[in-house]
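Take a look at the structure set out below.
Each chain carries a letter (A, B, C and D) given by its place in the written order, and its residues are counted from 1.
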Amino acid sequence: MIPFLYGAGLFLLINMVLVFIRAVQGPTVIDRLLSINVIGTKCINLIVIAGLIFSRLDMFVDIAIGYGLLNYIAAVCTAKFYQHNKTLSPDSGASS
Amino acid sequence: MIEQAPALIVVIPLISALFITIIGLYQPRVSWLLTIITFALSSIFAFICLKQVVTVGPISYVFGNWPAPFGIEYAIDHLNALIVLMICVVAFLVAIYSKHDIIKELGDKIPHFYSLFTLLVTGLLGITLTGDAFNLYVLLEISALTSYALLALSGGRAYIATFNYLIMGTIGACFYLLGVGYLLINTGSLNMADISVILSSNTYSYTVLVAFLFIMIGMWTKMALFPLHSWLPNAYTYAPTSTSCLLAPLMTKVSVYVMLRMMTSVFNYDYIFNVLQWQHIIVALAVIAILAGSVLALRQDNLKRMLTYLIVAEIGYMVGGAWLGNANGFTGASYHIIADGFMTLCLFLAIGCIIYKVGDASLSSMKGIFTKMPITMVGFLIGAFSMIGIPPTCGFFSKWYLISGAYEASAWAFLVALLISSLVNAVLFFRIIEVGYFQALPSEEPNHHHPKITRDEAPLTMLIPLLTTAGLLIGIGLYTADIVTYLIHPFIKNFL
Amino acid sequence: MEFIINYYNYIIVVIIMMLGLWGMLALSNLVKKLISMAIFQTGIILFYISMGAKKGASIPIIKQAYDEHHHPIHQTINNMDYANPLTQILMLTAIVVGVATLGLGLALTQRVYSEHKSLHEDEILETLS
Amino acid sequence: MILGFDIISLSLILLCAVLALFIRDLMGSVIVFGAYSFLMCVVWACNGAIDVAFTEATVGAGVGTVFLVSTIYSTTRIDTFKKNRLLKQLFMFAVVCVVGVLLLKTVTDLPQWGDAGSPANTHLSAYYIENSIDQTHVPNVVTSVLADYRGFDTMFETCVVFVAFIGIFSLLRIRKSKTKNAATTSPTTELTLPPHQEVDSLIIKTASHLMVPFMQLFALYVVAHGHYSPGGGFQGGVILGASLILLAVSYNFKKALSILSEKKIILLVSLGVLIYAGIGVICFFLGGNFLDYSVLHKILPATDTIMARSHAMLGVEIGVALTVMVSMYGIYLSLSSNGRFDKGL
């Protein structure tokens, strides 16, 4: 079981690197926002996997829930920001 | 209640800060009174502690009744009992002083001001008393955060100056935290006495050196030793008067005390002066700090700004004195913490009175100030004499100890710097006396027959603290021998 | 390789901290200065947490067996089985202090912006002088 | 501790840090910084520091990001100034390099990562691990050390949150009546916020409305169950505060202030710390030292000295949660409305 969990975790991390490329390149901020959200989701999985490896899953689930909730709030705030500030690329948003 | 006194010194201001916030919602004016009562009580308990330390010896107070390295301990010895008393008295005087000034400068933010004021002093008291290295960090951050808020309250240019202070202050605190981390990784303990025991039983490794270095750099940043001083003048100049009256005497001096504390109760004399042998470099730094502070002070036209540069010079006195490595130098540095605290307070209070009445503190607005505000200027003069080092004010005695320490250690550069600095102070203050006494009031003819017409003193709540401080300067000077033999020498004996 | 694996955390700590320190001192945008400050603080937190990690240890919540009256059964607890709680507590404090400082710094930033209409330190200093 | 996860996520974190500092758009920088904190949380979890992971996820990543976004909303997100002080940057780079080399030289002197026998892992922490259950009946050692052994620290930590709130509030708050007549005190009145149109986004409103009660329930669980699982006053308090922030974000300020008005916020923030300090003061009157919970068994029903410690810790955590909840909410309101408390993010 443990090698499988290790493998799954490493797979997630490598996926994360792929998503991260988008965050680095991202022509607009919305690309970055999306890719970072994907990273956040993967992190939740990673925490749960870490819990399984420590065989104390009940303890790690709390963190995963809290993490998900706060991730949601951060995302809503950022979305709200773009709703008010209708431009996505920084340079054209100068006047607003 | 007597055995609980060490905790009460800190807990009373903490709880009263909360009450000030709550009551301030409904009765903003009461907060002034509450603050005064708080510090009166704290001073009484600080005095009780001091008395007990002198009669019985150092006190150890453990929180939560956990034995020392496991819980948090307050370790009170001769020196920090004295410094705590000084902090309480300074806070008490500034609290009285601030009444009119705050109403004029801040308006409806009075309860918040007093709540932050009280918490700032809580932080400083805790820093001085605590025997736990990490607890010190938390309290350092409390005093830092409150001081950022207090300094920025006056608005305008204070914002950007405070922002710089925030960045520098955080760097200082983080370096301190990093140093504590290195100590923890070496010893596994956070209690200062415990760390000291474990360190002295092992060999001092390279990581201990780095720990010491980072703690020192952190504290030097906090106390504005010369190359790291850039945040101080702007932050203090643009702050509200009462804030700078509180911060200037206390903030930097407490950092100096933390440096002394770290040198004495965590590391030991042998390690610092025989193994490391940094004393020449640091005394040289102190010399540069004194000279640079004095020269920069000479260039200033604004009195408040001039004083902030003098603080930079005074920091050089204390750091240099502590690093001379002999009894006289150390006595001078410890005694100067007290003396300089009251000296700076006296001058800032006087300048605050002038700003309250005249509007600004530039040299040109000092014309005829002696006829206009004679009582304020008496206080100012006593502070100035102490700064220059004229007996019987306490400034003379601290300088005396520092100079004899420098002579013993043959640190001639430091000795010369001290003398030059005294000379510069004399020039600075006599310039003010010249402008204020011999030059006439700008708008009107000097009227010899009715001198009282032009008299326009600050309110009594501002004058009484000023005169009390001036009296204390002379009083401390007269009782120097007692303070040194009963309070400072027992502290130094353990170290040297 | 062995060396890098054994000391990887500490090396990253130094790099992160220095990145943060450089940002605080050299970058000119006030918000970026604050972000660098947060990065600097996380570096120190990582240092403490790394020193408290133990190979093969569990999280510092003790697996407690209870009898039928919900009284804990006495058992010997081995220090090696649980990660170091002390460094974690210290860092809980450090995180909270960090956010408090960040908040105050952001409030100051807003005030600086409304005063000088810029977040750029050099620009602000130029307008002042 | 999990080696592979640790190394890869730390490398990613380094990338994030570099990216956060060098993106020109501040909003992008903040978003990347959020990812940095979230990844950091994975590293804490892999190192066995779950309470730190929880705090980082809630305080650092969640609320910290929200604060940064609201500040950028109230100020600007662009750098117009192009000139760079190359000399200053190079000088700082040299300073930083010196410090960095100094620190790198110590690395080999330190105990290896994960060394269970290092002094830091044996002296004090061993005592806490071995005695926590016997002396306090609390299995979560972090909670027992946080609230009892080093409870005095935690009281001041709560104070730090209190100070931050009072400081931010007094710095930013502008009374409406004042801003009209007294333009001399602050030029903030003419600050141009982006045009604010009330867009009814049904999806967000409904989703938030559904989520808030569950969030609050979960937060209460985190506060109350802190003795047995990760969490406690800080984490629970932040989640409670975040639920209020969520309401304020998805509705508007009127709704937000109808839940907790300005006066109530100040009152509750002080009350939280007062609960903590009050428990300590009660210990005075029962004849113990400050924060010596064991004497509380005299007034708590049917408890011995050890259970009294456990119960008092819960009381303390409630105080912490109250302060943290309200101050996080208050800081958000101040920051996002630039101190005017009328409209914001």
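The rule is short, and it goes like this: contacts are C-beta pairs under 8 Å (C-beta built on N, C-alpha and C of every residue); 3 or more make two chains touch, one makes a residue touch a chain.
This one's a predicted model, so the numbers in the text were calculated from it and none came from an experiment.
**Student:** Using the touch rule from the top, work out which pair, A-D or B-C, shares more C-beta pairs.
**Tutor:** Of A-D and B-C, it is A-D that has more C-beta pairs in contact.
**Student:** Suppose chain centres are the mean of their C-alpha atoms. Which chain sits farthest from subunit A?
**Tutor:** B
**Student:** Rounded to the nearest whole Å, what is the centre-to-centre distance of subunit A and subunit D, using the mean of the C-alpha atoms as each centre?
**Tutor:** So the centroids are 20 Å from each other.
**Student:** Which integer distance in Å separates the CA centroid of subunit B from that of subunit D?
**Tutor:** The computed centroid separation for subunit B versus subunit D comes out at 31 Å.
**Student:** What is the distance in Å between the mean C-alpha positions of subunit A and subunit B?
**Tutor:** 47
**Student:** At which residue positions does subunit B touch at least two other chains?
**Tutor:** In subunit B, the residues touching two or more other chains are 134, 138, 141, 145, 148-149, 152, 155, 184-185, 190.
**Student:** Among the residues of subunit C, which ones contact at least 2 other chains?
**Tutor:** 17, 21, 51, 58-59, 61, 86-87, 93, 97, 100-101, 104, 108-109, 111, 115
**Student:** What are the residue numbers in subunit A that touch two or more other chains?
**Tutor:** 54, 59
**Student:** State which pairs of chains touch, listing all of them.
**Tutor:** All touching pairs, sorted by chain label, are A-C, A-D, B-C, B-D, C-D.
**Student:** Okay, in this complex, where on subunit A does subunit C touch?
**Tutor:** Contacts found on subunit A: 54, 56, 59.
**Student:** Would you mind writing out the residues of subunit D in touch with subunit A in their complex?
**Tutor:** 2, 4-5, 8-9, 12, 15, 19, 24-28, 31-32, 34-35, 38-39, 41-42, 45-46, 48, 50, 53-54, 57-58, 61-63, 65-66, 69-70, 72-73, 77-78, 80, 194-197, 199, 201, 204, 208, 211, 215, 218, 222, 229-231, 235, 238-239, 242, 245-246, 249-250, 345
**Student:** In their complex, what parts of subunit B are in touch with subunit D?
**Tutor:** Touching subunit D: residues 4, 7, 11, 14-15, 18-19, 21-22, 25, 61-66, 69-72, 108-109, 112-113, 115-116, 119, 122-123, 126, 132, 134-135, 138-139, 141-142, 145-146, 148-149, 152-153, 155, 182, 184-190, 198, 205-207, 210, 213 of subunit B.
**Student:** Please output the residues of subunit C touching subunit B within their complex, sorted ascending.
**Tutor:** Within the complex, subunit C touches subunit B at residues 17, 21, 24, 30, 33, 37, 40-41, 44, 47-48, 51, 86-87, 90, 93-94, 97, 100-101, 104-105, 108-109, 111-112, 115-116, 121, 124-125, 128.
**Student:** Using the touch definition up top, name the residues of subunit B that touch subunit C in the complex.
**Tutor:** By the definition above, subunit B touches subunit C via 134, 138, 141, 145, 148-149, 152, 155-157, 159-160, 162-163, 166-167, 170-171, 174, 177-178, 181, 184-185, 190.
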